[in-house]
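In what follows, chain A forms one complex with chain B and a second complex with chain C.
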Partner chain A sequence: MLTSAQAGVAPGRVRIRRVRVGEAIAIAIVAALAIMSLMPLYWMVVTAIKQPTLVMKMPPEWFPRQLSLANFRDLFARRLLGRWTLNSAIVATSVTVAQLFVASLAGYAFAKKEFVGRNVLFWLYVGSMMIPGQVTLIPRYILMAKFRFINTYWGLILPSIAAPFGVFLMKQFMQTLPGEIIDAGKIDGASEFGIYTRLVLPLSKPALAVLGIFTFVSEWNDFLWPLVITNSSEMRTLQVGLAMLQEEVPMAFGLLMAGATYAAIPITIVFLAFQRYFLTGLTVGALKG
Partner chain B sequence: MSRRVLIAIGIVFMIALGGYLPAVSVAAPAKPITITWWINPWRIAPPGFPADKAPTAEDFPKWASDEFMRLNPGVTVKYEVVTNTGFDQKIAAAILAGNPPDVLRPIGFKREWAKQGLLEPIDDYFTAEDKQDFYQYAMDVGRVNGRYYLFPWNNSNNGMGSTFLINPAIFKECGVSIPPLPERGWTVDEFMQIAQKLTFDRDGDGKTDVYALSFPAKELLVMMGWMHVFGARLFNADQTEVVLNSPEGVRALQFIVDAIYKYNVAPEGAAGMGIYDSINMFHQGKTAMGYGGPYEIGRIDRYVKEGQLKEAFPVHITQYPHLPEIGPIAYHTSGGFVVFRQRDAEKKKVVMDFARFLTSKDNMALLKSLLYVTARKSVNKGLYKGSTFEKEIDVYTRALDYGIPYFGTDITTDPIDKHLQAMFEAALGRTKTPKQALDDFAREANKILFKK
Partner chain C sequence: MRRLYKDRWGYAFIAPSFALFAVFFLVPVVWGGYLSLLDYQVFNKEWVGLQNYREIARDSVFWLSLRNTALYTLGLVPLWLGKALVISALIFPLAKPIQTFFKGAFYLPHVTSSVIISMVWLWIFNPPFGLLNYIMELLGFAPHAWLGDVRTALLSIILMQVVMGGGSSIVLITAAMGSIPYHLYEAAYLDGATKTQAFFRVTIPLLRPTILYLLVTGTISSFQVFTNVYLMTQGGPQFSTMTLVYLIYDTAFKQFKFGLASAQAVVLFAIVFALAIVQFKFLGQEVEY
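Entry: the complex of A and B
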């Protein structure tokens, strides 16, 4: 086998060329995967802005020549669309804010406070993540019915606030915060709540961002619970309203894609707003020491 | 005119008005009463709805609620349109929490509810005229242990599993004649010969442009229709065993597989096909035949109004093909309204009145806007007379005369639906032979339903 010296090429240059070839292949693969991932999104938007009669055209037009906002006009003509959007915004925002508060408090306690039964309580709490949502649906509903929260914002918001995943995520992150900072806060005379608000929360921004995005997206997209807990058209969320639209006009793909595009806008905004924290937050708990 | 004469005229007028009023309204209840009712999406046009618009799922329930409140002062009616997706979970949660709606149009009558005492028996609320007027099979859908629990409303369904739609333009293009009226029936052999002529390459590029039909494996009613064509039945006569894997069942499934892969009269990929894929192919002229009844003709009209289809095209209804030794078949079913248990006698009376109001002759006739036939003989008699759909409705109702309840009469088959679908998908995707697929299904279904 020829070495690089024997071949008359400097060893450094061979390595650079290999790295560049390797990088190019990797970039090509990643680009292909990215295009594959974006394809449904692209198709959704393109279908939404096609002429309704061209949506089902065969072969399909990947790059439509005639654009139209007819599907969006039809969508916005729906009487309660604004109300459903408002409901979704109220529910998703309220649950996200409340869950960040509750999960960070609980996570802080589980990570940094010593108390009897801490580990047992934590694992019991986290273990409840194993129970599928369908199993707890009816008990949750019965509880809400007893509180007379059916068809109210309380019924939509309350059951989602104390989610074990959030507590688990925050606890894992807060464990990595140095204890010395908390001790320094105590020495400076900060109260427990002051330490939590002034020291722990600012340091936990990446984890809070991840939890915030996950919670908002999951609440915004939730379908079954809002369907079950609400009894009037006015209290429906956007996803339930769009599902109704889908069943009314199952083959109006242009209109349905316009609805899906519209529903995806807030999620996209939330993600873009918090993405700088997101990557840091994704490695929560991955590093020790 | 003297004052006395004016007073006398006034009194006569008041008496006349008093005699008229009870005909349109009833006495107000002693206390305010609120009724709740749930229905899945039905796009029925209420009276006075503009003809050039397509109704939404809210229009009919809103009208019915408002109208009943107008006729019954002191009564508040609250409706909810519940999506088909999640319908069962929502009603299950409401029942378990003790607050189901007063009136519900279930997606498929649930016998367990009656057996568990959750529903009000309604025998006393059927008049002698009602009993004569409702089709017996429609009433029987809601009969449990000799008592009735369902106010019949719609007769049969959208035609899935009962009849075919054909595109006469493609038939003409291929020089194929349409089966003759009044029944538009055809044998399986005739059907297959016609299907082969209807499958063709229109533009000469060597690829099939138009198929005779499609087989949507995910649509159980359509697929079970085919099974019944060959005499297969889901249950044995006393409904104690799943017997779809009979020789008739294997023959039926083999026929479908052959239609796709041997005779090539239907597109491959049937295993992943749902009913909307099939409807879409028919609407796009990719298949010469589709599935369904009059409702599906109405769908074409609605899609044109909504801009989803460029233009309407004429459609005829035919029977499923039949074997001469078995005869024609269709799917018998009926939907309607149930009343959940009532604690208050006064409210119960109003709730029953409301259920009867929904299923009255006049209100049942509103199903015409969906091109549905109703559960009342008297309503159906003149409903489509003189309309452009008269012949098609006649073919459809004649087909229903051969109706069979594909899923038995005393058993809830929900727990095996997924297995039934998986069986069709496996056979049509050729991951199993028809016999293997049917045997596996029967074994699993018997285990689930009969602990065998």
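Entry: the complex of A and C
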């Protein structure tokens, strides 16, 4: 299909030249805006790899002449950094794996199974996506206290698995799978669960990839829930730990930027490795309601 | 019963998801409403009817937080959307690799956690040593305590969000632009429309569902601003950055008034819900090609 992308390319030499000039101006404007929004991240990294004594030097060095890992050495010398990293990794990984399993099962049922109450249930899920998380924050906290899950991995992990968005996304995707495949599986004598694991899941890989990546990133970055559900230094996630570090040494910018860089590295790697999914995956669930 | 037996696989597949969803979403939503009618503190739990709501109505800090949240949303959402629309319009006609490069550049700050972004901007906004005051001085302005001044604190947080935000909106808008049929542009150009006219008369009207979606989700998410406030200003100075969710957090987890905080959360939910409905009403007409 022709899209409006081709609209800019008109025949004739004069037109092409004018288009090129227009294109150059467009690139210049967008590049300026992009530099603006990446500059803070650049500044974070540059501050982190400066000599600690030069961090607050005025005028600041845009391109530090002497690189140093001293700020990172300070960071790794902090007692609980490894534990916080481990906590974040455990929580983000467990939530992602569990969410993929639970959401794909339910999404499959909503997309391909007939049962009484299906539509009502599905609208409950969709409707609850509109509810701000803070509305459930306090009752959920009290509930966790009753289960004695405060300051435990259970408390950090369980509520996030329930997020309704995953079910919605999987259902939207699985609806597009042809029903004949499932029927063929039945004829071949596969069990219900076998059809799900051996036919539906492999065909749903693109949606699973999108959901997995988004869940991991948002769990790794989550702040409010880990903040309220943990109360000992040992159980903090990396994000909460960094916020506490910020309160503890608010002017140690070299150390703080080293911490911020350290916490940003895993997500940046995930982003660069799976960029394709981020840039296409967003549209899977968002608009086709 | 027959029917239920026939449908058993549907229910079985939904069961794990629904159990979690019920415990951590449905029950808390209803319970949150109930809690808002209690005086619920650490050692005290009694029914007080609408007392909490009356207290909210009398509380000047609550009204201030509502005003701040509204100002924040009104300032941020149009700028976010405007920035995303301009960038999308500029990068859409460009060659695919360049387009993808820019999408990635704008998306990277979006996957970086709010904790990290807040830490970096605390450094940039720092009055004596921060980058912003250095640049201001180069331009001939006096240094300023951006986050320490009642007049500029909220504005500074908005500025930060505008500079860093918009990444996911750009992805969604360019995807929607790609699905606009080319013949509509052909018709417009045949009728003698310029590119600018085509943009405002063809592109923008056909993007309406996307713009609506971004408006609603942008409003909901900016009404929930918390992490930046927690790290950067703690609601100060003099409550000038006190937002609704920060107030809820403060009431529940600093003052331990869970009933009052639940009532505040119910008010937040009502406002967000009403705003979403208004936006759907005004922008929600169907688009036909």
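The rule we apply is simple: the second predicted complex is superposed on the first by the 229 of 289 C-alpha atoms of A that agree within 3 Å, B and C clash if a C-alpha of one lies under 4 Å from a C-alpha of the other, contacts with A are read in each partner's own complex, and residues count from 1 in each chain.
Here is the rule we use: contacts are C-beta pairs under 8 Å (C-beta built on N, C-alpha and C of every residue); 3 or more make two chains touch, one makes a residue touch a chain.
Here the structure is a predicted model, which means the values were calculated and not measured.
Look at A:Asp188: by the touch rule set out above, it reaches neither chain B nor chain C. Judged by the number of chain A residues each one touches, C leads among chain B and chain C.
Contacts of A:Pro52 after superposition: chain B is touched, whereas chain C is not reached.
Within the superposed three-chain model, A:Ala109 lies in touch with chain C and out of touch with chain B [touch as defined at top]. Shared-chain residue A:Met36: touches chain C; no touch with chain B.
In the superposition on chain A, contact of A:Phe223 is made with both chain B and chain C. Residue contacts after overlaying the shared chain place A:Gln134 against chain B and chain C alike. By the touch criterion defined above, A:Leu121 reaches chain C but does not reach chain B.
Of the two partner chains placed by superposition, chain B and chain C are both touched by A:Ala243. Contacts of A:Ser232 after superposition on the shared chain: chain B is touched, whereas chain C is not.
In the superposition on chain A, chain A positions 56, 58, 134, 137-138, 141-142, 223-224, 227-228, 243, 250 are in contact with chain B in one complex as well as with chain C in the other.
Residues 36, 40-41, 43, 56-58, 78, 80-86, 89-90, 92-94, 96-99, 276, 279-280, 283-284, 286, 303, 306-310 of chain B touch chain A in their complex.
Considering their complex, residues 52-53, 55-56, 58, 70, 74, 134, 137-138, 141-142, 145, 150, 223-224, 227-228, 231-233, 240, 243-244, 247-252, 254-255 of chain A touch chain B. Those residues of chain C that touch chain A in the shared complex are 3-4, 7, 9-14, 16-18, 20-21, 23-29, 31-32, 35, 83, 87, 90-94, 98, 100, 102-109, 111-117, 119-124, 126, 129, 131, 134, 163-164, 166-168, 171-172, 175-183, 185, 189, 195, 198, 203, 209-210, 213, 220, 223-224, 226-227, 230-231, 245, 248-249, 252-253, 258, 261-262, 265-266, 268-269, 272-273, 276.
Touching chain C in their complex are the following residues of chain A: 1-8, 23, 26-27, 29-31, 33-34, 36-38, 40-41, 43-44, 47, 56, 58-60, 101-103, 105-106, 108-110, 113-116, 118, 121, 124-125, 128, 130-143, 158-159, 161-162, 164, 167, 192, 196, 217, 220-221, 223-224, 227-228, 239, 242-243, 246, 250, 253, 256-257, 259-260, 263-264, 267-268, 270-271, 275, 278-280, 282-283, 286-287.
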